[in-house]
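Same chain, two partners: chain A is paired with chain B first, then with chain C.
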Partner chain A sequence: MVATQLLVGMAEIQVAKEGPLFVCLGLGSCIGLAAYDPVAKVAGMVHVMLPAAFADKPVDKPGKFADTGVPHLLEQMARLGASRSRILVAMAGGAQVFNFGTGSAGKLDIGRRNADAVEAQVQALGLRCLGKDVGGNQGRTMTFDSGSGLVKVRTVTSMERALCSLKGS
Partner chain B sequence: MDGNAPEFNAIQISCLSEMANIGVGHAATAIAQMTNKPFQMSVPTVRSVELEAIPLMVGAVEELTVGIYMPVDGDVPGHMAFLFPWRSAQAFWRLLLGQAPESPEQIGELEASVMLEVGNIMNSSFLNAISEMCGLPIQATPPLLAVEMAAAILQAIVLEATTTDSHALSIETKVSCEEEQAEGYFLFIPTLGGLKRLFSSLGLPEVA
Partner chain C sequence: MAGTLTLEDIVRKTTDLPSIPSAALAVIREADRPDASAQKVAEYIAQDQSLAARVLRLANSAYFGLSRKILDHREAVVVLGMRSVRNLAMVASTYPWMIRPLKGYNLGPKQMWTHSFGTAVGAQLIAKETGKANPDAAFTAGLLHNIGKVALSIWLENKLPAMMAMAVRDDLTFDQVERKLLGFDHAEVGAYLAEEWNLPEPLVLAIRYHHHPDECDPPEPIVDCVHFGDYLTMSMGFGLGGDGLRYEFSTKALQRLAIDPEATDRLVAAFVASYEEYEKLFQDLDQAA
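Entry: the complex of A and B
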């Protein structure tokens, strides 16, 4: 059986009852966070771009920022019957893609800040993180098969590998 | 389409296309001189797009790609990038160095600096042409290089664009050399403030 594919673009949040394959394509400095409630069988994914919402601008898309994206993902999952205390998560991304050139070091380190910000949200909200593949210089494609619970990561140079299963055991 | 994306009128868009056309013409000449090969540029497409949609606009989002990114300073600030598929990047290396790395791990300082220079020359020729036409100072800043999935490179650029100014316009064109099967994809994302200054320098009506 081929699962429906749900492409999670930049700043997007997607939620569904278990079944679809969630995909974040080519995560650079962005973070993909997959979440699953194994009891309610509700799954979701958010594609976070930046650590925190701008103080002087209204939030156009809550999925864009770590501090709004993670809570919104949980809220949307709750509407489908998920309970925060049961939600398991996995995250990938936060790389520094531009790694050659003067001043590249430190200048575009937004990837690391994104990873820290998402992790802070995960902790603050009391979520259990079962898998994490962040940092480095490589862009990643992250998939979450909500049917099997498997979270996988692939890069341009490495084969797809399993990060963890959100089905619990 | 983004609900709060500013709308540009047809005159502004066609004027921008024409300027971009001249700009990429200059860039093609520069790259032809550098490599001693004929390069063609397609007529640039000017699109009002949602920034977040840009990473998925290129065809092969997961394909190994070489990207050169330059933030743009001056009166028309923005973000500029030149991307080529790995195979085309190898063609550029062969043209300029006589040989090409077989995999990204083999990229040394020399290979990296050659690519940075290609991007530098392309982008600066484009910017100089625009700057002369509208009489506004526009400068490129030092280039950065990434060898990655196309979507990851574009995402990193979009992310930078998001932190500066909201804007929703991209200028894309294809640069190609048939003889060498080398092609690249050129992207310029001006800021909204920069675009307004550009249009007013040309005596075009303000963005509605």
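Entry: the complex of A and C
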């Protein structure tokens, strides 16, 4: 049986009871974070675009930012019965252009900053990260089969490869 | 293949070269003139019935949200302004061939379009935010910046894995690999086509120098706008091919545009919002193509 596909567009959060195939297409500097509670069998994914919400602007889509997206993903999963202490995660994306030169351009490296910001959230919320594929100069597609637990990543030029299983094995 | 074909050979021998209707080229040239005439823009559009029909359909798309239907292209020029209509003419002229896949760059259907349109929106946003260039000219330049890829694609088919391996092994950007393999890169091929089409000089420069804006001497703001628009588009993963984000970024271009790097995230958010707004135009494009 082919799993239902749940496309997780930019700045979106999707959650479901186990079964669907979650897909983050065309991750450039964005980060896809897959999450799973193996006991409650609740899965989710967020497609983060930027590290942090703007202090002076209301957040239109919580999934847009790492500091709102990761907590909201957990909240939505909790509504389906997930418990934060059991949630396992994997992340991919955070690519960047080839060379920024030196100096004040650090802010331009959105890919690295996104990866750092998502990782900081993962740590702050006490989540166990089982797989990480970030950085480099290639766009990625990330899939999370919540039936099998398998998280896979592919680039335009490389074959799909398994990153990890969130079934906790 | 290396060194055996000149840029001119490549262009001459490529059967499926991109093309822009002469009426649309006349619209661009007219709209760029300091004494541009709305009536002339309408007349040029009228020379190509198929172009006029597509422009009209786009003018009536949800993007413009007009309360009543525009009935002909003359009215479109009056209601939307000649610069908007010029952009619609460009969108209508490029969409049919930009949605085709480009195997040489591992770009699937519509990906070349997504990337080009993203860069158009990004370059337009940067031109507006900085006031350094005409936003509509920046839009057109962004839309056309990668036309060289359309011509080069067929020559690079099946070579991408080896080219990426070379890029990684020798620590090169993708355009450097193109130059190593062919003697020229997609930006140079694009500029050659733009010259053949007799496009205004700033557009030719934006196409030629979009990866190396510092080499444009004297600097041209529209080149910097397209460079930054391209960076925004690549970063957001819009229409990435096998070459991915393997291109250099010029911090000097940012300085010339007087953009504070601290503003990066706000520009990214504004860029994505603008792109999503423009998607209302896309809704009608499939019918218009």
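Rule of thumb we're sticking to: the second predicted complex is superposed on the first by the 157 of 169 C-alpha atoms of A that agree within 3 Å, B and C clash if a C-alpha of one lies under 4 Å from a C-alpha of the other, contacts with A are read in each partner's own complex, and residues count from 1 in each chain.
Methods note: a contact is a pair of C-beta atoms (placed from the backbone, for glycine too) under 8 Å apart; a residue touches a chain by one contact, two chains touch by 3 or more.
In this text the structure is predicted, and so the values were computed from the model without any measurement.
J.: Between chain B (first) and chain C (second), which, if any, makes contact with A:9: first, second, both or neither?
T.: first
J.: Quick check for you: in the superposed arrangement, does A:49 touch first (chain B), second (chain C), both or neither?
T.: Both chain B and chain C are touched by A:49.
J.: For A:110, select first, second, both or neither according to whether it touches chain B, chain C, the two together, or no partner.
T.: both
J.: So, does A:28 touch the first partner chain B, the second partner chain C, both, or neither?
T.: The answer is both, since A:28 touches chain B and chain C.
J.: Which chain A residues come up in both lists, the one for chain B and the one for chain C?
T.: Touching chain B in the first complex and chain C in the second, residues 10-11, 26-30, 49-50, 64, 95, 97-101, 103-104, 107-108, 110, 138-139, 155-157 of chain A appear in both lists.
J.: Over in the complex, which chain C residues touch chain A? Could you list them?
T.: Listed in rising order, the residues are 106, 160-161, 164, 173, 231, 234-242, 244-251, 254, 261-262, 264-266, 268-269, 272.
J.: Looking at the complex, which residues from chain A come into contact with chain C?
T.: 10-11, 26-30, 49-52, 54, 64, 95-101, 103-108, 110-111, 136-139, 155-157
J.: What part of chain A is in contact with chain B in the complex they form?
T.: Contacts found on chain A: 7, 9-12, 25-30, 49-50, 60-61, 64, 95, 97-104, 107-108, 110, 138-141, 155-157.
J.: In the complex formed with chain A, which residues of chain B make contact?
T.: 2, 4, 51-53, 55-56, 61-64, 67, 69, 103-105, 107, 112, 115-116, 142-146, 148-156, 158-160, 162-163
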